[in-house]
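Read through the structures below before going on.
You will see two complexes here that share subunit A, one where it goes with subunit B and one where it goes with subunit C.
Up next, the complex of A and B:
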């Protein structure tokens, strides 16, 4: 993660403020910064989304390609995640520097989607054992301003909501050879249901309290964080402790409850924003990268 | 090769026959959800490593070795500010490098090393769980290397690796605040979704969710936590964490005895 140098006095200031439920930018402990979400920003993808959370900027592109199903699960398609920490984000990511963080984030994404209910993989199957849709989700980290996991999970959910997979049919000849036919109408596509796609909430332990959506400075003051992945119904799909320090068992239980509460609110606001953007139709004005 | 009619060439890709066999249908036997499998732990067995430990729990066998402290190449990382607790500045603190490897014959299917993402993730989990326990401030500009090798995966492999790594660090004489004890859990699928402590491989494969907790028993601090799957609501996960912590506390006396025995063995070898 990008590192920032803080003096001892600044750290004390942040820690004492958090004890009083007052953070440096005036938020409470459970408030997110202003989030901007925009979908369909990249035209060559099946679905894309861009999320700006404070100074953190994430771009996700989803490409649907045909592949063979995995041997253990012949009736399902699958998702492949790749996270690229570009050197624009911070100078530390130049060359191979960002690879470690990229693999860590990708592994976390695999983990949160590693259960049956997050996404309906059976709808991605075209013909069992032979063809299925593989969704390549590529995450690009454009700017790092703290709280990467939350922003990336929101962007992935928005991009999956925006994904349009073309409808195909498998035709069989008399000889038995199969042919795949793409429908003529370019707007005839299947959409994925993202109701149960989880979002990550990172809770950083600062002093005796925990904060949601920490900035880089706050992350430098916290020794340990708990990463919880929550669905819109409050079901937890992944839990992970991050950081060099240790956590008290009681504070873990408190952080889980906070994570669930905050996660539910995050999901409702994200759903409403996505539906509102969708209802504006294809003629809406795209902000893109200039706004 | 064009038109090679003399040799019989086999297929290019092969899969193990178990994949095509009918599902065994043998559900794992019902058992007490809080039972821990008997553990065999031995420290100080490798002659070439500074510290080493071997742990066997049920079918899971892990061997862990620690080497170092070694001087870090690559110069200084800039005079960073002092850490939160007034410890040594960040640039002077030591580093802990963890490596997790699976033997190719450890699981049901042969997996040639490098195992890719999963091993990196488990190595990172090991590092995050061991760092709170090791006094890295006492090893400025040095690095400690911990490498865990999983010889056979019989369930809760990460938990066993964590415990073995902590034993190996203690055996190497590295200064630590406390031992780290790991415990694995898994949630049985519907119906009857109960959390089972220390699952076997069969239980883990059929599980709806899995969790590994790492506890520092004397300080009662959770050093590591990694879980995923359909665990259900937060209350269910909280119950699982509590069960795991209790399991870790029960395992601690065995590890203490193991270290005492290793120290006696070393003393007896050194004296005559």
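Up next, the complex of A and C:
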């Protein structure tokens, strides 16, 4: 993870501030920085989203391609995640430096989606055992300003909301050979239901309290963090601890409760922004990259 | 808990929001500024083929017969006498160094110093030969572009709002609580690690957000501009200052006050 070096006195200042619920930029322990979300920014994808959280900038593109279902799940499609930590984010990611972080994030994404209810994989099946939709989700890290997992999970959810998969029909011949027909209308597509897609809330333990949405400086003062993946109803799908330090069970319980509470608010805000963007329709002024 | 998500808004060019009629003359390296050879050339220009050509990207400034190009965003160029705030990244590893310095300064520490000499390759040598300079204790560091720090007689300011600030010429701004005893300045080499009071923290956080808003709107940083911005931000909550619309409002008010004060 990109890191900044701080002096002892700066760390002491940050830790004492967190104890008094006043962080360096004036936020409380459970406040997020201002988030900007925009979907449909990359034209040659099935769905895309860009999320800016303070200095963290994430771009996600989803491409839907036809493939064969996995052997153990013949009636379902599946998702593939790939995370690219671009060297633009920080010089540490130059060459193969960003690969470790990329695989870590990708594995976390696989874990949080690894349950029956996050996304309806059966709707991605075209014909059992033969054809299904495979969604390739590509995450690009443009700038690293702390709290990567939260921003990436929000961007993935927004991109999946924006994904439009073309509607196909399977026609069967007299000889039994199947033909796949794509609908003529380019706007005739199916959309995914993202109601149960979880988002990650990272809680960093600083001193005796924990904070949500830590900046790079705050992450440097924290020895242990808990990643909680929460759905919009407050259900925890997976939990992971990162960092060299240890957490005692009471802290873990408190952090999980905070994660659930914060996660529900995160989901409601995201839903309202996505619906607002959709209601603006094609007349909406797109900002894209040069805004 | 507070959570805000919004759609991005395209930024308006600054000249539009200021209502300025005359646009600045912007140039990029290689642009011809003028073919009139009567002018004296200043910083950021060079003479080539009977024309005055710009060597940096910035705006052209003309004072009578002197033309120079002021760069909008540069790396820091050291000058003798500049005050800088710096972080120790690497140190000489020798036995004497281990014995003497490691007790005082570690890697990652912040210090304030004055530029003593500038070498031809751009490297600078610093000195901390006064109690004003030395290791910095508890506080907040904000990194901005060096071109936004205005050159003044002094860069150490004790602001009336209750905190002190060091405006390093290299773009590192250090905000810290004003020490109670006047003899103890920010320097020396022993850091005070006692908790800072909540009131002081609020002032420091507010100042930090104000400086970030001034920098986002490309305003010059000096004690008056920071103070006016602080006063303009008082009706808002500290964490709201970083919201785009409130940031614009506060900086606009600061700009007005500065213009009134000059005019």
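Keep this in mind: the second predicted complex is superposed on the first by the 291 of 291 C-alpha atoms of A that agree within 3 Å, B and C clash if a C-alpha of one lies under 4 Å from a C-alpha of the other, contacts with A are read in each partner's own complex, and residues count from 1 in each chain.
Rule of thumb we're sticking to: contacts are C-beta pairs under 8 Å (C-beta built on N, C-alpha and C of every residue); 3 or more make two chains touch, one makes a residue touch a chain.
Only a predicted model underlies this, so the values are computations on that prediction, with no experimental measurement involved.
Touch criterion met: A:36 reaches subunit C, while subunit B stays clear of it. Legend: residue contacts after superposition of the two complexes on their common chain; A:262 is shown touching subunit C, with no touch to subunit B. Once the two complexes are overlaid on the shared chain, A:6 sits against subunit B and subunit C alike. In the overlay built on the shared chain, the residue A:127 is in contact with neither subunit B nor subunit C.
In the superposition on chain A, A:86 makes contact with neither subunit B nor subunit C. In the overlay built on the shared chain, the residue A:24 is in contact with subunit C alone; subunit B does not reach it. Once the two complexes are overlaid on chain A, the subunit A residues touched by subunit B in the first and by subunit C in the second are 5-8. Against subunit A, the residues of subunit B that register as touching in their complex are 15, 19, 80-82, 84, 117-118, 120-121, 124, 128-129, 131-133, 208-209, 211, 216, 219-234, 237-238, 241-242, 245. On the side of subunit A, the complex with subunit B involves touching residues 5-8, 11, 71-72, 103-104, 106-107, 110-112, 114-117, 221, 223-224, 226, 229, 234-249, 252-253, 256-257, 259-260. Listed in rising order, the residues of subunit A touching subunit C in the complex are 5-10, 12-13, 16-17, 20, 22-28, 30-38, 52, 212, 261-262, 265-266, 269-270, 272-273, 276-277, 284-285, 287, 291.
Residue ranges of subunit C in contact with subunit A, taken from their complex: 1-11, 87, 89, 106-110, 136-141, 191-193, 195-196, 198, 201-202, 205-206, 208-209, 237-239, 241-244.
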